[in-house]
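Down below is the structure, laid out as structure tokens.
Note that the chains are named A, B, C and D in the order they appear, and that numbering of residues resets to 1 at the start of each chain.
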Amino acid sequence: MPVDMRTYLGHVELVNPVTTAAGCAASGSELAQFFDLARIGALTTRSITMAPRAGRPTPRMAETPSGMLNAVGLQGPGVDAFLERELPWLAQRGVRTVVSIGGGTVAEYTALARRLTDAPGVTAVEVNLSCPNIEDRGRVFARDGAASAEVIASVRSVMRYDVPVVAKLSPDVVDIVSVARACVDGGADALSMINNPLGMSIDTEAMRPALAAVTGGLSGPAIRPLAVRCVWQVHAALPSVPIIGMGGVLTGRDAFELILAGACVVAVGTALFHDPYACLRILRELEELLAARGFHRLADAVGLAHRPPGASSRHRIDLEESSL
Amino acid sequence: MPVDMRTYLGHVELVNPVTTAAGCAASGSELAQFFDLARIGALTTRSITMAPRAGRPTPRMAETPSGMLNAVGLQGPGVDAFLERELPWLAQRGVRTVVSIGGGTVAEYTALARRLTDAPGVTAVEVNLSCPNIEDRGRVFARDGAASAEVIASVRSVMRYDVPVVAKLSPDVVDIVSVARACVDGGADALSMINNPLGMSIDTEAMRPALAAVTGGLSGPAIRPLAVRCVWQVHAALPSVPIIGMGGVLTGRDAFELILAGACVVAVGTALFHDPYACLRILRELEELLAARGFHRLADAVGLAHRPPGASSRHRIDLEESSL
Amino acid sequence: MQVTGTVLTTRRVDAYHALTVVAPGIAERFRPGHFVGVAVGGARTSMLTRRAFFVHDVKPDYGGTVEFVFSVRGPGTAWLAERRARDTLDLVGPLGRPFPLPRDPVTCVLVGAEHGSATLFTVADALQGRGCRVDFVLGGVSADRVFGALRARRMGETTTLTTEDGSLGMRGRVTDVLPGVIADVRADAVYACGPMPMLRGVTAVAVEFDIPVQVAVEEGMACGIGVCMTCVLPVIGDDGVTRMVRSCVEGPVFRGERVRFDDVGTIPFDALGAPGGGTRNAG
Amino acid sequence: MQVTGTVLTTRRVDAYHALTVVAPGIAERFRPGHFVGVAVGGARTSMLTRRAFFVHDVKPDYGGTVEFVFSVRGPGTAWLAERRARDTLDLVGPLGRPFPLPRDPVTCVLVGAEHGSATLFTVADALQGRGCRVDFVLGGVSADRVFGALRARRMGETTTLTTEDGSLGMRGRVTDVLPGVIADVRADAVYACGPMPMLRGVTAVAVEFDIPVQVAVEEGMACGIGVCMTCVLPVIGDDGVTRMVRSCVEGPVFRGERVRFDDVGTIPFDALGAPGGGTRNAG
């Protein structure tokens, strides 16, 4: 029997829980050569900025054990070109699109949200809070609950009521739950985690940092234990808030791990670099895993690993209508 | 020509920069069956607590991509048994011993330091700040600069003046430099980083957390990019403070990476689980690497990757007497 | 010691794989009950921890070989199952405390389940070398998972087989037939290797008969050499105090009645250093 | 497309390794200048990113094979060098924008250095198929690193070899001899593949002679399919605006004079979206 893979981000239904991670699918058209983007739950765009951005110098990438560092620096066409070319292209093809936005000030995030609010084809807005706050000596928004909440509240206030606002959190904090809570209090309809922790690698031949930008974001399976822990902690504290989980998902098993921890949507990032078909493969593997374990609905697996030690999983599946 | 591998922790000279990481060499005698412990720069003990501790239930370990999670819970014999049996055993064999201490209150750390101050054979004291602070709702000391500084100041005040006090930092903070600075202001003679970031893994067969303790510390090569970044940031901010670098060191190349980032001592943890001879192998590989690059002294490589882009490495080696 | 050995032969035995590796130093030091830690995955693997396997056999060929037997369980054993003759394998061993052997020529029942059976044949050899009588009780879920039935029949005075599906020998588990065997052969001691619930059952039977029982346990291990403290289980010491002891260096062989099987996976409240009272009481 | 192909043959050619892999879909779609992304390290490897290799040759055998040539540089290429016939290899390709070919039967100089030379033979084939004259200039640090000298001598009207140590051909670099060759053969166009400094030199020579030059670049790549944005370099567009373009999908082949070689590894201040002025000026 097929598993009901539908899931919800706030009030928005997604046909299935697999999406691309922000910044890992360029404009979308690149992946469309490999598969039909409408088959995945959603496509998340790169973080769109007001002005076009050339990003960071190269080298922008360094491989690390079971992971990689990137310092792309939000290279992108800017919101005008995005609205003119990229978003309509996706909308025409029926691709549910989560638009990620990045800014340097609360005003910039807000202006971006305002530009998106009337654009057709925006399924949700994901606020990339891992951007340096120009007004606070470049301190990253996501590292500070109050700053994050301020951005979210402002974006929420200008976004159309029926477009969920998702706050994307960083693991580089003392207590991710308190940042999550601040964002939800600020109006976030959902949370997304984890963005890349800050890492670094040194080229021991050149005896210099491997990245031109010196430090970069760590991604891939190496960080999956951090992602699982963050999703677990936040779901435990805020069980009713939908979570987009990400960080090192390579297989259906990995997606299932994040779902058991509490994610109702799973984003695939670095895996796409290895396998352009990763989203569809992971979706298939996840569905097979769920079916093999007797699940009828994905929703029954969300957060299931939180059940108390005595309880059986069957039990919970029978008792609850939905774990969202 | 052999490379001068000596290094300094404060005023204490170590014959070479390789040590075991706290909690990864049990009482020392286990590794002594494989090699002569006096041949490495120092042995770091597990974190010694006041009372004996049985630790956490099993499973205590889960493998993760290029890493592992552990939740041992500071199992150990307590300070009495340590001073009676383990420390004298090490001292008799001429093993330079860094004693790691762990406590739940400032008073407990201080009491431990007091017990150590007259014990013969203590080369340095490493304060494991990644312990929950009983007096602050279990909040980990290391996540708070002020709490960390308080522990360090108190330990420093009771320790013999000629025994360096090393503050061991966690990467699970917003800004490791500010915690490092607080510890140095509190009297730390050296810093050690990184302790395990908090991670988690779920057994997707059992659909339960893989560890009995639910969350655990992530170690191994997966976290090396975090370690390099922390060492780099702290060395950039506090260039004169000796740093014990650790996190995922498996080879001489990895040790060299931390040294180039600013560590003058490198600790080997998880690698010991795979290769009981890891310390000596890493030491040999490191020395070969240094020799191959024309270094006469280890000290010349410490922090070398910080030199400005134009500068050649030769240059710096000729100009500076010591980078410590 | 650590040895990079060459794989001499690989074979399949029903549900199991057996690898013979040239590892002179390990073979030479081997005693029954020892295990080896095997590095899996090759260069630049993401699998960091060694996998533990009991040594099934050692032979003097090529200076000394070790054989171990395993079934595919996860990615590490899957990788091992793909090894071929002439590949190299990185082993650390021999590890652990071996089975103690009786001084006198007594009668011993050797009980094995699943791959645990593979551990018993060198024990049988050593016991027979001391003039002991050896009887086997081997079990598994199904016929293809009962390891070494033929060899047991050749070596043992008697051999009793069990399968849960009844496809070989008696339907049931080794613990179902063990009391009968102990009584029939008037056993003086029991040696056992297999999953934890089976060891607990075997121990209960031996205690019932008031005869000594030596069990070889398997706990999740990261190092196998006593430094990581992950492989502990609650064991009662000579002084009556329960301690969380490392199964890799203080075991894997224990006197069965000393292992608090019911409390495996917990810290018993009366263990040395247990949270709350335990710490100070027992310290 | 992604193909799990079987290794047909492996061979060593001086300092290089060559692997031929059965990959029908890729061979069929191949055009000169395409590259493939190869997964390295096997199951559970810690190496996450594919390695990029130019296709050296395609053949119709077994439905279609691709050959690529590489030297061992780090762990990924070390792993590849250990592959044997019948192993499987996971390839994605063909990737990138191939070399544009002239309509008319003109004279082309093909310049290669190190493994870059391997890329040129399918180009030569295609050019000769259109009636072009082909001359080769191939170089390397030493004789064993000049790839394909023999084949170039068979295919090219002339072939000039250079080595930095003088062990083969002229002592020096390809750029030292290129002006002479261009003048001698009255070249109409240049095709080049090799390290970035060499491409910059070749481009400078071609510009000097005012003839078109097509270069195939290598930038650090994580995906090879245009989604990770790590492989960019500054390239001047038809509109005169410099953009940070992806060498994997907008390249790896570029018109040499469009690549701002001096600024590779930087964001030129006048690039579209450069920090400070650039952003708004050019936006």
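By our rule, contacts are C-beta pairs under 8 Å (C-beta built on N, C-alpha and C of every residue); 3 or more make two chains touch, one makes a residue touch a chain.
All of these numbers come straight from a predicted model, not from anything done at the bench.
J.: Weigh B-D against B-C on C-beta contact pairs and write down the one with more.
T.: Higher contact count goes to B-C.
J.: Report the inter-chain centroid distance for chain A and chain C in whole angstrom, where each centroid is the mean of the CA atoms.
T.: About 46 Å separates the centre of chain A from that of chain C.
J.: Please tell me the distance, in whole Å, between the geometric centres of chain A and chain B computed from their C-alpha atoms.
T.: Measuring from centre to centre gives 34 Å for this pair.
J.: Go ahead and note the Å separation of the Cα centroids belonging to chain B and chain C.
T.: Centre-to-centre distance between chain B and chain C: 36 Å.
J.: Going through chain D residue by residue, note those that touch at least 2 other chains and give them in order.
T.: 46-47
J.: What are the residues of chain A that contact at least two other chains?
T.: Chain A, residues with two or more chain partners: 65-67, 220-221.
J.: If each chain is a node and each touching pair an edge, is that a line, ring, star, complete or other?
T.: Topology of touching chains reads as complete, every chain touching all others.
J.: Could you pull out which chain A residues touch chain D in their complex?
T.: Contact set of chain A toward chain D: 23-26, 30-31, 33-34, 46, 51-61, 63, 65-68, 70, 72, 75-76, 78, 80, 212, 220-221, 270, 272-277.
J.: In the complex of these two chains, what residues of chain A are touching chain C?
T.: Of all residues in chain A, those touching chain C are 65-66, 221.
J.: Quick check: in the complex, which residue numbers of chain D touch chain A?
T.: 1-2, 39, 46-50, 92, 219-223, 225-233, 243-244, 249, 264-267, 271-275, 278-280, 282-283
J.: Give the list of chain D residues in touch with chain B in this complex.
T.: Chain D reaches chain B through residues 46.
J.: Show which residues of chain D lie in contact with chain C when the two form their complex.
T.: 41-47, 75, 78-79
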